[in-house]
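Next up: some structures, all given as structure tokens.
One chain, chain A, links the two complexes that follow: it is found with chain B in the first and with chain C in the second.
Right, the complex of A and B next:
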């Protein structure tokens, strides 16, 4: 097993959204850790559970800070899982034309104007004249790879409403015939394969044509247009007579009214497709999978011949093929792709339904009317190395002390008190030992950048605080601090893991790649006083309100190296003389009892919350 | 920090033949010992580097050589850029380019490479050393190739001529600096 070290990016800081703890989020019962907690809450209670970054559920609740939103009413982080998206508008990213949603429903989610992308390289196509001057005929030309619609024999008479012209040109002759009146059934050519698809109780009254010609496969467009016409015909028929007089219309109506149960819906669907007189069918229908795989079968010879003729260069690649509706095998069969519309979305809190993000509805503006991002509400964490030498995050030496700097940046306009808590040993079968040297400290307010510089008196409170950078590393001392940030030191002693090849009795690998990643859960508790918001929306200067916010974050500090720590003993004695002696003993224990790592893990569960 | 001293002008000028209608910016750099020949209506942007230390350079008519390009012949056989070629920003050309071709941003044409007529080398693509690119080839994306069958070469040429006319107004030309 070769570790894909190149794919790792260290260090990482992820923040856990607590929404998985409260699936049914209600505004009345705020969740435990991030609640607008009552002051003087028992700190032990909120620390009952340690966040386990290796738990299977954790994968779904960890996000980088910039992916998170914040609900001001719930006073809670909101992740992409616990917000509700609403489409504000549809627009074409190419011509920035706003498309009404009713048009999207009828005409599909592609631009119906002149916007097309290249079927070869997916760049956008331009309409170019081929005649003298600016005269027609016109072609769609890709300025990137120089593909043109002329290559597939399509030219346009006028440079406007290309989509309509193209649809007209691509209309197969069979369809022209169908729309001219001799329409039988859109399903007939595929009835052989669809027999299992449509429930037998529906007993489809499909007229199967006998002539060989119509049995050839229809293109998806033909089939779609055929179905559309079929439904339009049915709808017209149902609309013409009184409600209830036609059994088909009645059953459709019934399906609409009682439509939520899947059984009734599928029944009405079956009838809608199948025919017009099937009211007394069985209640339950059986569905079997419709095999949609297109076999090559008969025309295989033909295909092989064609490939021989045009060579490999004339065939499409996977991307080109998937992008097309009819999934062509040959470049010659590619069609210009109408640009897919995009949406602008607003986001709502699932709990209180307040809007968290609301963009301007015009596609041409990129402003947001409302945008409550978590970055403006909760302190940001960042990790760096204390000794910024050439250091490989993806090969941490086992059993030696690694020192990281954890910087906490305050986005709020009030100074905050931070309490960091971390289990002494990280969760997992091979726990690393973690120590935060200064778990409680203050971070200054996010004031104007120039305030500090313009202040004439230099006696800022920050000057009074001892900085570890100046005095040497001491327990209980912050490393460095500035206007709205404070840095503390985190020490990490990774364990010695079994080598990648070593197997246990069951033949499983003793230490998987996952065990090599150091993931440190850190609970961040933020306490601050802010001006009380009055009912009229203004800020009451006299009244202060104490607020608290706690969240779990997971620091990805690196990956433990497979190499044996040949210099581990020197490391321990050498650069980090100031480290607490207790860590040395723990590290020593790790060396002695490699097999006993599991016992250690169990043991550590008891003393996880030793916050220094 | 004081501004960097400009390289002294004492470097020997290469023997240069400029057609009368050439637009060549003063900040372009023509160095070397072999002759450099530039055809009519060609535009050389500022900071384009033409180095004829290894061999002669011949640039045809109606070409645009953009800024930060490096054109250096690989050997004494020299390097020919034919008529109507656009060499975009930051391209490194060490091989010949056929008429009507477009060398896009950041392209590298390896030593002794040869690009045919009406080719298009997409942004950041590469032509290997000594590689011969057939006429009408389009190289795009991550090195995909296809044959251009759009027949738009004439239209591109017309567009190029209009482009050159507009550059003629925008770029102050000083051919006298390069002629000895």
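Right, the complex of A and C next:
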């Protein structure tokens, strides 16, 4: 079991989702349940090409098994790239209240209760009383870095509905000039909520080009209100579904919004609006040019002065700045951040539109109505070291044989036949030699979860071999097997890489850090017979159906050490010390097992013998 | 179960909890362990820090309730959170669900930890933090007091913030399943 804390610790097992080859967007004719399953691809075809884990595209198709879903209708793995997400509910991750989607539309995707996070360290803020005996005024206090809203001069009269109070306090007209960075509502600029908070500043804030003479800088709210009023006006003229359906209108809208974001300090915005609003109704919009790039203006000089005054410590860092709507330069201008809502999403197969995941809509529950995850359908691979003692996965000794145990666990309720295939040399400029000692074997059915657990408490793990069913005669080829798992041995001979710092003629490193990672592509072919599913749930004869599934997985076995091989003996001595009897059986029958390997490299054998 | 040595490292309770003799358990009458929970050496569990009650009132409060299949690694500390409310300082009960793993050297002062929570080593869970089900907390995270972590979150950093969502399989992945595996590791 890989410790869950290890995010990228060797060994890793990733599974390739074939969605980039068989473009999942083209809908497949859904196979009727009950009809014999058609294999996704012609097995001969898929086996011809070796999956290259180093190909640039592979990064996008490799996922841990946990992240994969499985579509029962397509009989195919589905990765996060080939599913559609649909929002089931919005909720605030802090107060865990569900927010109706209509509220999200009107109030924006932020919590409108008392949930804020610290603008300095992003921990959540609490409402704390500053007065005597739990009395007001109240502040928002960060329990982690002890920032408080008092530092920016904001206090609240009552401890409830902080969001509304804050919006009231940050009302632009009264304070717009107080500091050069303007104030913001806690809601995103995309939201439409400002109307409720700034009812007095409505349509009149639409800026005409004349206003450019005015030195006063517009706050994002004012811009937003102007924009909103403008759209309300235009929408009224254009008819309600103009924005919903017309892609042109939408792109215009998006263009305007993104333009607003990038040129947030540009005064020319007023002109844009002015030019824009001339054309009411359905007419096409002509864009007016924006002002040229601004030089250092008065406000920038002011900023420079302020930095001189406050010092570097008073400025915001990148994260702090980006998190805020108005992108303030100074810590003084930071505002508490209203918590962004989170969603629960259901997922659909992109090819056949069947639902793969459907969570219950209550925010706090972790149950799923539908959950078709790949780990319940395809066998799981796990890697461990044959000799686990004193072994470092991130420093594999070059040119010596490393033996790993590859365990295949069957989640299905039918026994499965596994065929493993791997290229004798891993892809890449410095190939490692890989041999799977037993490439074809059977894995038992997944029966009751506690069967094994109850048995193994009493017995030693080796007792499991005795329980081996049909595979009992093949003992020695498979390393070990249990109720629904089988372990085989993989041998790896890493190449000797040039030392870091060794350069070729072009001055590039001969072996990059990437080359040092051993990534072994393994094709796993699963064949099993299962009871035929029936539409009518009828009784009929017991029909069996043969199913097949092939997928590529990539085993990250470790990292090749920079050190030269000093002694190659340790590797052989290790396993024999751990399990003397079994090793003999492997050494004796290993050759037969290797003969079964689909691709056998003669030199790898020579290599191994030389090591021993 | 093989016959125990007379003086093993672990004391096993009727419900299958295993508590190291080298752990420090204070106020054990205020602690509930759900069963099959393992408490390793050098753990400190402060069951004595319970709610202050007026004299004469029933003081049968539970300070710490731990569910089933939990695992407290070496040198972890469970401490009920306390605060001053209406001029009296009081501790509040701490509730921990099932399948909760607490890594080495963690200090936990949460008010509530749901089920299927993995706390990697060297974490600090601040006072009155609420951690919902299916949450993974990465190594060295410091969760600020009063933080709420929703389900299916991956938390990291100082202060701990949600950096990612966990996949739908989180529950299976975070299960302190294979209790035998854990049992074997401590035998």
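What we mean here is this: the second predicted complex is superposed on the first by the 361 of 612 C-alpha atoms of A that agree within 3 Å, B and C clash if a C-alpha of one lies under 4 Å from a C-alpha of the other, contacts with A are read in each partner's own complex, and residues count from 1 in each chain.
Methods note: a residue touches a chain if its C-beta (ideal position, glycine included) is under 8 Å from a C-beta of that chain, and two chains touch if they have at least 3 such contacts.
Quantities reported herein were computed from a predicted structural model and do not represent experimental measurements.
**Student:** Given the touch rule stated above, what does A:91 touch, chain B (first), chain C (second), both, or neither?
**Tutor:** In the superposition, A:91 touches chain C alone.
**Student:** If you stack the two complexes on chain A, which partner ends up touching A:395: first (chain B), second (chain C), both, or neither?
**Tutor:** A:395 contacts neither chain B nor chain C.
**Student:** Quick one: is A:151 in contact with chain B, with chain C, with both, or with neither? Answer first, second, both or neither.
**Tutor:** In the superposition, A:151 contacts chain B only.
**Student:** Classify the contacts of A:357 with the two partner chains as first (chain B alone), second (chain C alone), both, or neither.
**Tutor:** It touches chain C, and chain B stays clear.
**Student:** Have a look at where A:126 lands relative to chain B and chain C in the superposition and call it first, second, both or neither.
**Tutor:** second
**Student:** Thinking of the overlay built on chain A, is A:139 touched by chain B (first), by chain C (second), by both, or by neither?
**Tutor:** A:139 sits against chain B, while chain C stays out of touch.
**Student:** Look at the residues of chain A and decide whether chain B or chain C touches more of them.
**Tutor:** For chain A, the partner with the higher number of touched residues is C.
**Student:** Please work out whether A:66 is in contact with chain B alone, chain C alone, both, or neither, and reply first, second, both or neither.
**Tutor:** second
**Student:** Which holds for A:368: it touches chain B only (first), chain C only (second), both, or neither?
**Tutor:** Once the two structures are laid over each other on A, A:368 reaches chain C alone.
**Student:** Which chain A residues lie in the overlap of the chain B contact set and the chain C contact set?
**Tutor:** Shared contact residues on chain A (touching chain B in one complex, chain C in the other): 121, 144-145.
**Student:** Taking the complex as given, what residues does chain C use to touch chain A?
**Tutor:** For this pair, the touching residues of chain C are 1, 86-87, 101, 103, 116, 118, 120-121, 126, 132-134, 136, 138-139, 142, 144-153, 159-162, 167-174, 178-181, 183.
**Student:** Quick check on the complex: what are the chain B residues that touch chain A?
**Tutor:** On the chain B side, the touching residues are 120, 122, 138, 140-141, 144, 146-152, 155.
**Student:** What residues on chain A touch chain C, complex-wise?
**Tutor:** These residues of chain A touch chain C: 1, 4-5, 7, 66-67, 69, 91, 93-96, 117-118, 121-124, 126, 133-134, 142-145, 342, 357, 359, 363-366, 368, 371, 373, 375, 453, 456-457.
**Student:** Using the touch definition from the top, list the residues of chain A that touch chain B in their complex.
**Tutor:** Touching chain B from chain A are residues 120-121, 128-130, 139, 141, 144-148, 150-151, 313.
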